[in-house]
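Some structures are shown below for you to check.
Next come two complexes built around subunit A: one with subunit B, the other with subunit C.
Coming up: the complex of A and B.
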């Protein structure tokens, strides 16, 4: 895998990039072409940094775009096309990570963060209510005067 | 000779930074005014030395001194002067030098404008700032010396990536760094406050302008970057959730949260620990971003492993700074108890809620960016791309934006939510109208189109309602309202503008993200294509030469309903030094959207590949960012920030300095 990646990186450096989707690779049927575009947006250009093959102008992205269109023309469903691409390149090619054991943490993470945040907020208000009225660290007279002077400019 | 002088100045600045870190920090501990007094002149000397060093490197680039390795690798004698100069920071070594330059200049600015800070706080802040300098100066000198010689010197340089040879990108890194590094001040203030053991309203008032300045710069930097992607990459994309973009977005989120929580500390003397925490987090994100971008760990863990020197150095630096500051926070943070109590439904409460949502957003972005790295550890190769981020991040922002319109209408301590919602009827009506418009004009059905426009309308109108409340429009005489409008403090204007700008930007993101119309085809001269009602007629292509490139230029006439709208001229450039093409999209910004045309490769039959777009509302995104930044700058000029903090120790008579 390492060697393959390295080869890909080198290929990217040498090959002259053309533009992203080119007219000559597009399908004549607009409905099929739209499907190809939608699928492409979720497929990673293997030699780029998080760019989809739809956006990338690398030669390899073009090959993949053509491959996707070939499969669609051959009558594959969207899922079949994706499965086919994944079988060749692995999950690495998917910009939208699949739900599976290895990505459980990824998809669960944001939910956990949100729950933790809400929990923390609730805790905060509870503790606040419990310690309400607790004594505050008093300011010295001098500090109070300085603070008053600072705050005097404030609009209400 | 000049190059050696620059190198020497850089070494010297490291020693100055060491002194600036050691003496003032120790002096503050021993309460020794002389030792503390070293901080300000040392900060000045350090900034001067690094500026001199930076000047020397710039000189090497401008004069194309190909005996300097960095110049050879990133410059070429035929490059236009602007890009010779921007080439200084368009590479790893030079950009790190710019990083420390900005760090030192910020430190110097604190020394300059903070004359009336309490001596110990000032000494500690500058000492911490110098500690960061020490780390990064050592990093540059030991692993990334921009002054390394190339022996033997080649005849010419290897040129600069043509994509970077663009005015937008020339100024993108400096602004981004001004933002990134600007958060170091808030960080240093926070660490100093933790050492001192106190955070009060005055502290928040000192921190706010620096945070605001950093935030404004970062906003410009991010906007410039996305604008560049939009017009340079040639397909109208403006945000890709690329790890490098994420690296700049996370500090922005944390910084925005910090900006708002500092308000609460200043006005209500509460949320102190949280604010200090955010100050640490914002700068930690900046450091993390620097690490991610500079170590090469993102391209591939393997690339990082084969040349780990730089990466490991920054990683260790990152761990020391982040680990050390969080440890300090864990130790001293709990002592920072806040005074003012408040209900969840109150201005503090809503600010806290939005702080939380923004922080979770930042954490989610961090998580998604780093997850593939962790997955590699267990030998699972995967990608996390735009679909993930859009799905997870965007929903988090919906309640945030919705709250944003309400918060300013709630009072401190205990707010009246039904009352506020009642006063927001106009905003609700605007949002409903936006949904109707979105559904009526939509070329594609999408849930996010109506939601995005509704949020934008809600926030824009909510901001206007808040302004109207402030000046008591229609509830008092127009003259009185006008008088109130004239007397509104600039900081209040700043908030109004920044929130309004955000609404405009959201409309832009929604329009461009959801309703972009695209047409890709081959065209012969005379061919016409209709894109969203605009008829693009290809007039033909011609060839020519620029300063260091050759180009094909394609001309398009655009008409609508038979009326001429504009003529667009797009270029495809080839830079022979690197053998790389770039596209220069032709863009005409109209009020409701951009006409966007790109000329592609010539085909065998004499036609040309062309890409034509109508990007609805896209320019609003950058207009919105500009409005936000303008609000930030206006806020910075508020009298209270100019004179408020320094006035702390002066007698009242001197409280009105002539400025």
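Coming up: the complex of A and C.
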């Protein structure tokens, strides 16, 4: 029974993603450290390009983490830190690219495709409604007479 | 006219295919040179072990020069090294070295003793201070710097005869005018 409970408990345990930040890199002030973590999570590791520097244990990522912390400790604002790194490596280093002319297709593309889809859908339903309407053409004279007769027969 | 609508998906596919053909052929490691046209970043590197002169940004003023980022751990740097030695022997252009991320302070100097030292000055950069300031992502990388200390060109990967003949040497002659 205890085994089962333990197993259940383990199954419910929250698995936290392992960050690469080592204890000796961390800042003493938890607020500053949290800022550094948040910034690092949005900076691309340039060695293993689909990881953030917060996740990556590449050496260059470590050096970048240390640099972010140094600048935060020196009193830089979040924007100043990010601007510095972008000024060295370009927008590519940001995992969340900014909205500007070069990234218009990136950010605008999905919206354009969504609009195209909605337009297509509207078109489709309109056409269906139109064909459905055409099927309900007015009754011919013969049909009307027959209908009238039937209605009369049914009358109480 | 109505038939054309059915061709639309094919058209979209072709356009996307075109982007993929171009995009997949590009090297994601090759980043734009953010420093091009800007002064070299400020740095002041300590000498490597056994030397008494380091390397700082104002050493580059007054001449066209190359700043080469290397490390004894870097295989491609070893491939490149004989060519840099040749540049030094022929006295074509001064090359300055940034010895990047040596885990062992002896490794860089030992490497230069073994394979020859093509550098006018070498700075030790174990914590990537200068490397990050230059926007380096891997070694070797070489930066062409003009007389005013402005970065004019970045080459990622080993410098060889082809890169030299086609790109670097013509640029150097241009910058010397």
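As a convention for this text, the second predicted complex is superposed on the first by the 112 of 156 C-alpha atoms of A that agree within 3 Å, B and C clash if a C-alpha of one lies under 4 Å from a C-alpha of the other, contacts with A are read in each partner's own complex, and residues count from 1 in each chain.
The rule is simple: contacts are C-beta pairs under 8 Å (C-beta built on N, C-alpha and C of every residue); 3 or more make two chains touch, one makes a residue touch a chain.
Being a predicted model, the structure only gives us computed values, none of them experimental.
Trainee: With both complexes overlaid on chain A, does A:72 touch subunit B (first), subunit C (second), both or neither?
Mentor: neither
Trainee: Between subunit B and subunit C, pick out the one touching the greater number of residues of subunit A.
Mentor: B
Trainee: Could you say whether A:149 touches subunit B, subunit C, both of them, or neither, answering first, second, both or neither?
Mentor: Only subunit B; A:149 stays clear of subunit C.
Trainee: On the A-aligned overlay, A:61 touches which partner chain: subunit B = first, subunit C = second, or both, or neither?
Mentor: A:61 contacts neither subunit B nor subunit C.
Trainee: Would you check which partner chain A:49 touches, where first means subunit B only, second means subunit C only, and both and neither mean what they say?
Mentor: After superposition on chain A, A:49 lies in contact with both partners, subunit B and subunit C.
Trainee: Given the touch rule stated above, what does A:92 touch, subunit B (first), subunit C (second), both, or neither?
Mentor: both
Trainee: Identify the overlap between the subunit B-contacting and the subunit C-contacting residues of subunit A.
Mentor: 49, 90, 92
Trainee: Can you list the subunit C residues touching subunit A in their complex?
Mentor: Residue list for subunit C touching subunit A: 28-29, 31-32, 34-35, 41, 101, 127-128, 131-135, 137-138.
Trainee: Within their complex, state which residues of subunit A touch subunit B.
Mentor: Touch residues, subunit A against subunit B: 1-2, 5-6, 9, 16-24, 26, 41-42, 44, 49-52, 55, 57, 90-97, 102-103, 105-106, 109-110, 113-114, 117, 120-121, 124-125, 128, 132, 136-137, 139, 143, 146-147, 149-151, 153-155.
Trainee: Please give the residue numbers of subunit B that touch subunit A in the complex, ascending.
Mentor: Against subunit A, the touching part of subunit B is residues 198, 200-202, 205, 233-235, 237, 240-244, 267, 298-300, 302, 337, 339, 341, 344, 352-353, 356-357, 359-360, 363-364, 367-368, 371, 375, 378, 380-388, 391-392, 396, 488-489, 492, 520-522, 579-581, 583, 598, 600-601, 603, 609-611, 639-640, 644-645, 647-649, 652, 655.
Trainee: Okay, in this complex, where on subunit A does subunit C touch?
Mentor: Per the touch definition, subunit A meets subunit C at residues 46-47, 49, 59-60, 63-64, 66-67, 86-90, 92.
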